[in-house]
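Labels run A, B and C following the written order; every chain starts at residue 1.
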Amino acid sequence: MATTTDRPAPTAVTERPGALRRGPRPDVGRIALYTVAVLAALLWLLPLLWSFATSIKPEGETTITPPTWFTADPTFDAYAQVLGRGDLIRWTFNSFVTTSIVTALTLIVCVPAAYGFSRFDFRGRPWLFALIIGGILIPPQTLIVPQFILMTQLGLVDTYWGIALPQVVAPVFVFILKRFFDAIPCDYEDAAKIDGAGSLRILWNVMLPLSRPILTAVGIFTFIGAWNNFLWPFLVTTDPDTMTLPVGMGTVMGGYGIQYAQVMASAVLGALPLLVVFLLFQRHIVTGVAGAGIKG
Amino acid sequence: MRDASNRPSLSPPPPAHGVERRALLTAVLTTAAVTAAGCGTYDPLASDRTRLRQWNLFGGGDGLRMLQMHEAYQAEHTDVDFRATTFEWGAPFYTKVAMGAAGGRGADIATVHVSRLESLAPGRLLDPIDPSALAEAGIDETMFLPNIWKECFFEGRLYAIPLDTHLLVQFYNLDVCREVGLLDSRDRLIPLDGKDTYVDALREIKAATGGFGLSLDTWGPWSNFWALYRQQDGELVFGEDDFEMDDDKALAAMEFLYRLSEEGLSPRVSQGADTSANLANGRSGLMIHGNWEMTTLDATDVSFSVTQFPNVFGNHRTRGDSHCYVFPHQRDRDPERTRAALDYAAWMLRHSLSWSEGAGHVPAYLPVAESQEYDQLHPQSEYREAAENVQFEPEAWFSGSAGRLQDEATGPLTALHQGTRTPEEALRQLKRTFHAMTNAPAPV
Amino acid sequence: MSERTHTSRVQGSGAAGSGLVDVHRRPATWTGLWYVLPFLAFYLLFLVWPAIVGLGYTFTDRSLAGGPVSFIGLDNWNETFTDRALYESLWNTLVFTVLSVPVMVLLALGLALLTDHARRLGWFLRFSFFAPFVLPVAVMALMWEWMYNPSLGLFNGILGRLGFEGSEWLFSENTAMASVVIATAWWQVGFNYLLYLAAMQSIPKDVYEAAAIDGAGAWQRIGRITLPLLFRTTVLITILQLIGSLRVFEQIYLMTGGGPNFATRTVIQYIYDSGFVGLRIGLASSMAYVFMVLIIIASVAQFRLFSRKEA
C-alpha cells in the first residue's frame, strides 16, 4: 500500500556523469553494459511488441505454429472490428469520468484535511489523526463485502458515484500532504497574515502554490491508481454500460470463435491511454515516486 | 516511520515549468468530466427507443448463432435499443447476474440454466413473470413440454421462459463405426443395449482405432455420472441437514466409468476441446458429449452422426438442462422495458429453429419442435426423442449447471478416471462434500 | 507505524523549532476541524462504517440474495477456522508472496543498477522498465495469457524452435503459480525500480569520485558504496512488496480464475468466492476479518523488525 520514504530524496532525477564513464579508453565493460541494457529493455518490451505484432496479423495467421513475428500482409482489420463494437470507447469514457471524479475529490478532501492537521489545533486532533493514519494499515480488499452491501443500500451499484466514492478514502495522502505542509516554513503565512488573509486564503494563495510538485504527484498517482483499479469497480459494476476499461475488458467476452488478433488489438488499445499519460508526465511520475514513495 | 534527517523530505519547489499548463488542462478536463457525470449517465445511444439489455453466457459456437439471431431481431425491431452482453460461462456469469440483481440495476432479461433457478433466489434476485403478459406476447404453457414447463416455477410462480433443452448425446464417427461393423444399412448406429454389449463394442472399436473406444469429457464428469445413476432410477434427495443417496447404484455408475478408463476404453484425462478432437481424428469411434459440440465437429472434416445417450442400465436416460429467460430483479422495473423483454423472448422462441440448426439445441417451443422443418434437420432430429429422457439435476440450492455441487463433484469423479480414486473412495468423498453442503446454511 | 511518532512530534513541536517540525499552529479553535470534516465524512462512511458493520455480519446468516437475516452466534467463525479451503488459499497466498517478493526486489535492483550506469539510455530504459506498471490489469492478463498459450503461444513456440518441450504454463497445477509470478514481476517491478533508481541518483557523486581516486573499480564502487547506501531503500521496498503481495487477487483471478484445481486461489479470491459467488455475506465477512487481522499483524511486525535492525 503506501508509506513514505524518509531518506533525503532528490527533487528531480537529474543526469549526472556516469560512474563508469571515466575510463580513458572505451573499455569492454561499457560495451557489455550497454548491450545488456538494451537487451533487457527489449526483453521488457517483448510482451507489448508481441501483442502489437499479433494484432496486425490477418486472423488466419494468428494460429500458425510455431508463431512468427512478421506477417506478409499487415492489416488493421482487428482494430476496426474492436472499435466498431463500441464497448472499448464506452469503457474508456467511463474510466475517464470515474477516474477524474476520484482524482478531483481526493485532492479536494485530502488537501484541506492535511492543512487542518498541519496548521490548527482543535479538540481531539491527535486522536483523529491517529484514527485516520491507522486506516493505512487496513487493506481495502478485506472490506469489499460490507462496502458492496452499503452500495446496494445506497442504490449506487452500477453508477459512476458507486465506482468513485469509496476510492476517495486515501488516508495515506493525508499523511503525505501533512508531512509536506509541516515542512513549509511559516514565514510565508506570517506575511500573508499581516496582510489580513484568512486561513482559506492562506491555503489557496500560499500553501497550494508552494505544494505544486506534491499535488502533481498525488494527482498523478491517484489517477493511475484509479484508472487501473480492478477489484472495486469489478464488484460494483455489473452493467457493461457503466464498467470501466479494465473491468469491461476482463469480464465481457468480445466475440466468438478464433479471434486472437482482435483480442490483442483490444489489449493494445486498452494500454494506450495511460501509456500516453505516462509519456506526457514521465518526469513528474519519476520524481513523484522518488519524492513521495507513494504506492496505490 | 522514523525521520532520520532533519531536512524536509520534499523541499518547497522552484517553480516548475510546464506544470501550470498541464495542471490547467487537467483541471479543465476534470471539470468537464465531473459535469458530465453530474448530469447523469452519459449515453451516446440515448434516444426515445426502448432500452433493452440482455445478458447471456454463450461464449462458444452457440454464441455465434445467437449473435446472428440478435442481428435479425434488431433489424426487425428498430424501436428497440437492444444490446446483448456475453459473460464468461459458469460462475463469473452467475455471479454478475446475482450481484446485478442485488444492486437492483441488472439486465432486463438474461439467459440462465433452468437448473440454477433455485440458486438465484426467485422472488428476491429474480422477478416473477406475469403469465398473462406472456400470453399477450403470444406465449403460453401449451407451447412447451410439461416436464420442462414445470421446472420454470418456484413456489407456484413463474420465473422462467424455456428456450431449449440441451443434453448429453452420443456422437459417432461414421468411418470408424463402419469399419467395426456397428452401422446398419442406413449408416445408423446399431443398438448396443446393456452394459456388456456396450463395453464389448467399445473393445472392438479400441482394437480397430488403436486409441480409445469412447471419448468423454473427464473434466466435466458429473453429468455422465448423473445420467448413469438415473438410468438405474437412483434418487438423490437433499433434506434440511441430510441427504438420501443409493450407494449401490452410485457405485455401479462409478464402477462403469472407472472401468472405462482403467481398461483404456476411455482416456484418463480429457478436457472439453480434446474430447471432440479425439472423435474427429479417429482415435475413438464414439463420444458422449453435449449436443452443442455439433458446431465444433461441423468445423472439422470428420463425417459423424448423433444418437441418444448409450443405454447402459436398461434405458437411454441422459442428463440435460434447459436454457431459459429470466428477469433479474430491478429496483424500478419499467413496464415498457418488461414488455419489450417479453416480446424479445417470444421472438427468439418463434425463431428457435435457427437456434437448433446452428447450435444443436432441442427447441423447447413445441410449434418449432414439432414442425416439419425441424424434423428435416439432420442430425438434430436423430436425438429429438431424447428430450423426453432428460433427467434434470436434484433439487437443491447448490445444484445445477456450474453450481457448487458440480464444482465439488468434479474432483473425486475426475480422480476416478485418472485412477487415483477407487469407486468406493470417490463415493466417500462425494458424500462428504454432500454433507458439507447440506450442513451449510442455504443463502437463498 | 507512523501514528505514534507523529503525535509526539506534534506535541513537542513548540520546542523543536527545526525546519521539519515547524508546525505553525493557531490557538485551539474549531477551524481546523472544518478542514478535516470532508475527509472525515468519507472516511467514516466508506471505511469505518463498513468495518463495523462487517463485524456485525459475521454473527449473522446474511445472504447476498437478501431474505430474512438471523443471528447465528459464532457459526461463521467456527466454519472459517475449520475450512480447509481457506487454509489452502492462505497457503497459496503465502507461496505467491514468498516467490514474488525476492524476484521483485532483486529484479528492481538489477534493472536500476543497469539504468544508473547506462546513463545515455536513461529515457529509453526508464520507459521500458516502468511502462508495464501503467497497464490495466486486464491488458496485462490478456497479453500474458496469449504468450502462455500452450499450443499457439510465443513461449512454447520459442521453446519448440530451440528443441525443448513446451510447458503448460497456466494450465498445470505445477507451473501455474510460477507463471503468474513471472507475469506479475514484469507488470509491477517498475515501481520498485523507480524507488531504487531515485535512491541511487541521490547518492552524492563526490562519494564515488573519492572512491575512484582511491582506485576502486566499478564493481567495488557498487559493492562498497551503492549497495550499503541502498539498505534503507531495500527495507522500504521489501516491506511495501510484502504487504502488496499478500493482497494479490486481480491478475491471478483474470489469468487462471484460481485454477487449475484451486492451485492458485488466493485468500482475497476465496473471500470473493464465498461472499459473491456463494452469496454468503456472513461467512465471507468473518474470513475477511481473519485476513485483515493477519495482514495488520504482518505489517506491524515487519515495521518493528526492520526498524529495530536499522537502529
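Everything that follows uses one rule, which is that a contact is a pair of C-beta atoms (placed from the backbone, for glycine too) under 8 Å apart; a residue touches a chain by one contact, two chains touch by 3 or more.
Everything numeric here is computed off the predicted structure, so don't read it as measured data.
Most remote chain with respect to chain C, judged by CA-atom centres, is B. For the pairs A-B and B-C, the count of C-beta pairs in contact is higher at A-B. Remark: chain A and chain C have CA centroids separated by 15 Å (rounded to whole angstrom). If you average the CA atoms of chain A and of chain B, the two centres end up 38 Å from each other. We define each chain's centre as the mean of its Cα atoms; on that basis chain B and chain C are separated by 37 Å.
Shown for chain C are the residues in touch with two or more other chains, namely 1-2, 19-20, 276, 281. Under the contact definition stated at the top, the residues of chain A that touch 2 or more other chains are 3, 5-9, 148, 182-184, 235, 291. Shown for chain B are the residues that touch two or more other chains, namely 1-3, 7-8, 92, 99, 102. Of all residues in chain B, those touching chain A in their complex are 1-5, 7-13, 15-16, 19, 22-23, 26, 29-30, 33-34, 36-37, 41-44, 53, 58-61, 63-64, 67, 83, 85-88, 92, 96-97, 99-100, 102-107, 331.
Residues 1-2, 5, 18-20, 61, 63-67, 72, 75, 79, 257, 261, 273, 276-281, 303, 307 of chain C are the ones touching chain B in the complex. Across the interface of their complex, chain B is touched by residues 3-9, 11, 90, 93, 96-98, 100-101, 103-104, 148, 151-152, 155, 157-161, 179-180, 182-184, 210-214, 216, 219, 235-236, 238-242, 251-253, 255-257, 280-281, 284, 291-292 of chain A. Interface residues of chain C, counted against chain A in their complex, comprise 1-3, 6-7, 10-11, 19-36, 38-40, 42-43, 45-51, 53-54, 57, 62, 111, 114-132, 134-144, 146-147, 151-154, 156-158, 160-161, 186, 191, 194-195, 197-199, 201-202, 205, 208, 212, 218, 221, 232-233, 236, 239-240, 243-244, 247, 249-250, 254, 268, 271-272, 275-276, 281, 284-285, 288-289, 291-292, 295-296, 299-300. Contact residues of chain B toward chain C in the complex are 1-3, 6-8, 91-92, 94-95, 98-99, 102, 120-121, 124-125, 404, 411, 440-441, 443-444.
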